[in-house]
Amino acid sequence: MSDDDVRHRHRLAVRFSDCDSMGHVNHAVYLSYFEQCRFTWWRQLGSPAGMPGAATVIVHAECDYRAPAHVHDELEIRLRLGSIGSTSVTLLYEIVNVASGVRLAEGKTINVTVDPVSRRAIPVPADTRARLEGG
Amino acid sequence: MSDDDVRHRHRLAVRFSDCDSMGHVNHAVYLSYFEQCRFTWWRQLGSPAGMPGAATVIVHAECDYRAPAHVHDELEIRLRLGSIGSTSVTLLYEIVNVASGVRLAEGKTINVTVDPVSRRAIPVPADTRARLEGG
Amino acid sequence: MSDDDVRHRHRLAVRFSDCDSMGHVNHAVYLSYFEQCRFTWWRQLGSPAGMPGAATVIVHAECDYRAPAHVHDELEIRLRLGSIGSTSVTLLYEIVNVASGVRLAEGKTINVTVDPVSRRAIPVPADTRARLEGG
Amino acid sequence: MSDDDVRHRHRLAVRFSDCDSMGHVNHAVYLSYFEQCRFTWWRQLGSPAGMPGAATVIVHAECDYRAPAHVHDELEIRLRLGSIGSTSVTLLYEIVNVASGVRLAEGKTINVTVDPVSRRAIPVPADTRARLEGG
């Protein structure tokens, strides 16, 4: 993926509490980093509490781990819009160590748009699609 | 996958601290549930601090989410041995709500065996393979 | 405090994800253990989502740490009712390693009863007081 | 306490994963914010992995909560040096919402200097004392 595909960049410093007994960031925390990146993106699009114009649930998340991160490391999480399906949005992520430029991880989430009451899948609203594609 | 493939079952109660602002278990926590399941399996195999006879790093983790879990729910995490490659072990998981029997999630991790000092991939030790296949 | 003061005992196994780079349970997690203990107590009193008959906020939490806990340790968190003031309930906790009997920590929280909308302190409802004192 | 007592200021943005089912930062997370503040202070003093020149264990932590924090809030954690005893260092903290200036919480930790092998309390090393008092 090229740099101009990046829709949002979120920077954060690794906290001591992100690290496990191995002395590096626990693998589960990478999903929280992805989460924080999409929430800050959505906030930038005017929707601080979730995807613009839609309730969503995650149906899939994955991460490939390439190199560890340690306490105090400054990380940049980059988000790309993978695809928008009939009832879901696929988001792509990568995590880069800012100081070294090394790519630490890359991942993906599939977020399904749902009816806020029934929690069943509904078509991605046209307004949501427009805001995500424009954002 | 059939029930007789299950190598290990780990039960836990959902903690309030596992849940996020949506009022259910945060998706990242499922990876920690998988982690706890493999650690308790390895412990049962006589290796409380990690995979028997090998240092490992995770290179891939993924989860498919089917239904939410809530505070106080009793969950059973089931582990299957997916495959043992030249330098990696693939583990498969599913999470079931004990009371309802509903399958909430399924996932996978790929754990690479590494040299404890250089952290580079090494062949899965024969002893490790034997203990995992026998366990 | 004597054993007959104990209102509720909650057992849990230390998760790998509870531990930090020092290789033992992170000190902040003890507050989550206390939290889980009071939530399971309240659930036993018929109120799974919080203090019986009252919305609450925590205004104070503290913990004294005496010995570390490690992954796989089975812990018992014991809860005592410290006191019920005009607008607050003080709860006392201790954490014991089940296998060794060693007391690892003791702590306290002060939970203020609040109006669910304004979040301002209100008198502890009589029904809440009765259920906590009887529980 | 006056502003000129502040030894270190650490800023962070509240993550979605810091928040619980109540929709605000979970009370246990405040201890992690304090932790991150003292670790970044120690790092600034030249000791990225812990207190300068000493192994430590926490024997006490406490927090008073005054107002909630929410996802995306920018917080400043301020650290003051409470006192240095024969075998312990008391650190004082407060957390302020940067945008509103409102003080959300204040707290304290007591960190005992220990022998790195036996984990028993030892006198605060003179070099440690000098670096903390000068920092």
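By letter and in written order, the chains are A, B, C and D; residue numbering begins at 1 in each of them.
Keep this in mind: a contact is a pair of C-beta atoms (placed from the backbone, for glycine too) under 8 Å apart; a residue touches a chain by one contact, two chains touch by 3 or more.
Only a predicted model underlies this, so the values are computations on that prediction, with no experimental measurement involved.
The greatest centre-to-centre distance from chain A, using averaged C-alpha positions, is reached by C. Of all residue numbers seen at the chain A-chain B contact, over half occur in both copies; the interface is built from largely matching residues.
Averaging Cα coordinates per chain places chain A and chain B 23 Å apart.
Distance between chain B and chain D, defined via averaged C-alpha coordinates, is recorded as 34 Å. Once the centre of each chain is set as its mean CA position, chain B and chain C turn out to be 29 Å apart. Residue positions of chain C with contacts to 2 or more other chains are 16-17, 26, 28, 32, 35, 71.
The touch graph of these protein chains is complete, with an edge between every pair of chains.
On chain C, the positions that touch chain B within their shared complex are 12-13, 15-17, 32, 35-36, 39-40, 43, 48-49, 71-72. Those residues of chain B that touch chain D in the shared complex are 16-17, 19-23, 26, 28, 71.
Across the complex, chain A is touched by residues 26-29, 31-32, 35, 57-66, 68 of chain B.
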